[in-house]
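Please go over the structures that come below.
Two complexes come next, and they have one chain in common, subunit A, joined by subunit B in the first and subunit C in the second.
Moving on, here comes the complex of A and B:
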């Protein structure tokens, strides 16, 4: 469906969340005192470390588990994670990079047409749900590829899924449904 | 004879009216009669009278209620408990020395349903505050029972689930209440009610219809004291605005509020944005935003037979 159009749809990945382990206990106080660009949150029990390039924010827990957010691609996320592990290694911890997994990918896409949300929801009950009082977008969940799509009436959609491949498949799947409920161009 | 007597025994109890053998008899359970609908003859007599034993009057606060039957059973909602409780004793013999009553400790009845009964009470209280009819309360109770038995939302506060059930029941009956209205009678936040609402829909695998602007018109307009003409005009405006898609992405409540503002400003009963915002639960800046979207095409939005107190070009422009 996508390829039959003249213009290709741009899927822009805005956020990739990944988790990994360093296989050793980390002393958060040491990291907080010696590290650059760190924020210590003792009430929660974690340290936030922000890397400049690639632009990544990592939540570091004392168990050695780290959640890495803010990357713009899967490779970037891996690179940032490795860099982070290197920083911790330089501080003196015996780190071992392991169990790297991309957990969530957030992408935005803009349709060239506006969408009639009420029609879209009526056609796709019960997979789609629209509660204007709670959120201005209609949520469409594709169970078998575990992707969630939020459809706005302006035609922009945001997609979240476990990896980039799923997100691409989700766009392919949802495009024909959105095309049916488009609003004709006026003005 | 002997063989047919058994057959006769089954055929005999069918009483019939002597004048109208074909007529089907109507049972009057209160008096225990069977009455022929054609001539009104009382044909049958039942032994058991299922009516109440004593008449109790509401003004008498009798300490002793002579009825030996107790409350009406609620078989649909409870586990059908047929337990017996020991009530507080009367008379001197029920107290032992030291003044303590013998047989204290009314056995807790059906502890598994205690939480459910509590929730039903809470539902009735909440529904009472906004004057909801009995059928919505019954539907809410049924929904709550289904959710409670499923146990998929066990960790959530019962009050939150009750409020969400109330919201769903109102929607299902075709008279939706906004989340803010439910919030006003419940102690739970709108966010939590919204979360429970989505969880319940998933747990019960049902879906609800989308809200439209017309669902709220009669309530908002009567609360504001607007005459029927203005209400009809506002309903027409809101419907037209949504049809012409002048307000994409706006909540139907905001559109309804803006339509009421426009209709009231064009009539003799002018209401301020603040008043409408108060009743509808929308901020007055939200009304202003939606109003700005519908203002340019105001002339088309009014119904054709509307009597203008203030003409369309004199409508306030914000």
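Moving on, here comes the complex of A and C:
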């Protein structure tokens, strides 16, 4: 049985977070003064630099570790990271691009039906949790692929996972469970 | 316990004798139970004629059997297990909070059990105890189904409700306790009570409950706070029963925002149930269910978006039509004066060819008024152009009468339409080009970006494939810009920079002085007041009161650290402090006995902890141990049996301890610390050979 419907569900990736290292000590003040789109936070000890082309924001620490957020795909994240390293290279630091790793991927998906959250939580007792006082969505954590799914009653779900493949697997896994607790819509 | 049927013969005639503690079958004579445990209170006659109950007091929380003969205050401060103390503290907090929420004892006990479970799983580490207690209480509320909200707890504790919620979720996940979902119907009686409906309380509650159930079927309750729904239901129910409850009153009771209430009411209004009358509502129940309101809103938004897109398309079409008309008009206009073009084409080549100058002024006249506006507009633009001369000439000529000078007019005419041809080029001239906008000139670089090389890996080399250097250059400022930015930044952050400089200066100074220490956040050090006593016994006694005794030290070993009795006053101050140094090894804090200790107090009253310290005669077992082990003791074993009195003193001193002023005490304290270290080293070796823990056998 094809778990994803006849009409394919659109999984839209909204955010990819990646980290990498440049293997050299960075002088944050130099970056702050020579860079074009930078925000320097001396209290925390990091510099935020925003790139336009793949639209990403990078947090740069003086140890040479950089976190890159805002990309819309894994490739984009990698490209942005390399661009960033190039900028730093031009500033005069001896950068070596290494240890690039995608850490978190956030995706949204919309089901064509509404979901009864209380039934959903009851059916999947320890894995799903729902606290209406705190958050309007039910949280479903899949441990072995390390993905978290937030299910809203309107049928839209947000997924977070360590990479895009996991996220796709998570959707496949959760779809039948959601289908059981669906609410047939009246038009 | 009591078996009503004999195992051997099956008869139910059993005689239970409590005095002997037997249960005997009367038919076959077999003894079924022996030494029956009885729960009766027995009294014993004490000296003096009074009678006291037999038994020892064992408290419910600790469970230790503390021999407290005569003085029952001891056990509290006797130094119990840390775990017992934690549980005791938790019990008190739970009881306090629980009473404020009017929870019954059963719930409080369950909460304490949850807390113990959490303690065993080390879930209390890193969390504020207040949060954990509150989470345990809320867990109980949810499992029992009491109408307590997380908001109430956060009100009492003045803590953010989401923080409490996080703790609660973590606890429930770790303890695998699945709390059932909140039913808004649970809250209705509680809120109804607060709204004071008097006699009709029950009716209003019932109506409100029906409303809530209806809301549930209409999918208004998923993802919403249950209190909001209750508020809306109660409002409507109150109005149905002719109670005037304003929104403000309800808000103060239910603790949701006014706008939330209004929204819920509007959503309810959208459902078909709202169209029923009161009587109809009470009797019937509509079958159909409506969609969740947020879903409907989403649909509406989608529709609106689609509409906008369609409208925009139509707009575009309309605009296209208008442009088409414009173009036609322009074409027509141009057709009207074809000859001009010819002249001006020649003019444009800077060849003055006077072809039909007559015809030009005629046509020019009629066009002058039209072109006046164009002139004005273009004039400004042309101000920057090279053809300023002609422009000025034109402007001058404008003011003059047309037709005054043929040449001028010709020039004028020549220039006016001529302006049209070069005007486009000149207009386009100062327009922003791709370069000034900061965009790369060619699109090819963008097309290249698709291909990337994953060969970087850990080699560290930056793969420049797909990175356009010129674009990267834009991310860096030029030198002048850098200077300006530096100046600005320095000005902005002058305070922070000053602080940093001061800090560095301080550290440098300390380093120079040689007293620079790595700053470690240390807890406050416990300062003990110097002990003043006249005899060694008093000194020991006072020291024991101050310092804490640990359960994990083998005191017999420590006793062997005692020094020989030394007559020299120099050594004298050392000896009483040797004791405290030895006891401070483990650093565990215990409350020493509060009663003044002296050598005359019976050993047993001091409890098992202090006995090894004071016992005059070591157990034979211990002596054997000591003999069997070769202890590289720097200090000769003191004579434990020396001294007089019951429980001879471990130390024998020749004279009273001499106390100097505070300076000496401070020096002594320093010595003490050093001693501690030395003692630590040697004691550690010792303790490594014995097992931990105090000896359990004492002769009573």
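Here, the second predicted complex is superposed on the first by the 182 of 187 C-alpha atoms of A that agree within 3 Å, B and C clash if a C-alpha of one lies under 4 Å from a C-alpha of the other, contacts with A are read in each partner's own complex, and residues count from 1 in each chain.
By our rule, a residue touches a chain if its C-beta (ideal position, glycine included) is under 8 Å from a C-beta of that chain, and two chains touch if they have at least 3 such contacts.
This is a predicted model, so every value here is computed, not measured.
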Exercise for review: With everything superposed onto subunit A, say whether subunit B and subunit C fit together or clash.
Suggested key: clash
Check your understanding: Just subunit B (first), just subunit C (second), both, or neither: which does A:114 touch?
Key -> both
Review point. If you stack the two complexes on chain A, which partner ends up touching A:154: first (subunit B), second (subunit C), both, or neither?
Key: both
Practice item. Look at the residues of subunit A and decide whether subunit B or subunit C touches more of them. Key: C
Practice item. Identify the partner contact of A:130: answer first if only subunit B is touched, second if only subunit C is, both if each is, neither if none is. Key: both
Point to revise | Partner chain in contact with A:87 - subunit B first, subunit C second, else both or neither | key: second
Exercise for review: Mind checking 2-10, 254-262 or 488-496? I need the stretch of subunit C that runs into subunit B in the superposition.
Suggested key: 254-262
Point to revise | Contact residues of subunit A, present in both the subunit B and the subunit C interface | key: 114, 116-118, 121-122, 125-126, 129-134, 136, 152-154, 183
Practice item. Flag every residue of subunit A that touches subunit C in the complex, lowest number first. Key: 23, 32-37, 40, 42-43, 49, 51, 53, 75, 78-79, 82-83, 85-87, 89-91, 95-100, 114, 116-118, 121-122, 125-126, 129-134, 136-137, 152-155, 183, 185-186
Check your understanding: So in the complex, which bits of subunit B are touching subunit A?
Key -> 178-179, 194, 197-198, 201, 205, 207, 210-211, 245, 248-253
Revision key, fill the gap. The answer for subunit A against subunit B in the complex is residues 114, 116-118, 121-122, 125-126, 129-134, 136, 152-154, 183
Point to revise | Complex interface listing, subunit C residues touching subunit A | key: 149-151, 161-162, 165, 168-169, 172-173, 176, 178, 181-182, 219, 221-227, 288-292, 294-295, 298, 449, 452, 454, 456-464, 466-467, 469, 471-477, 482, 485-486, 489, 493, 496
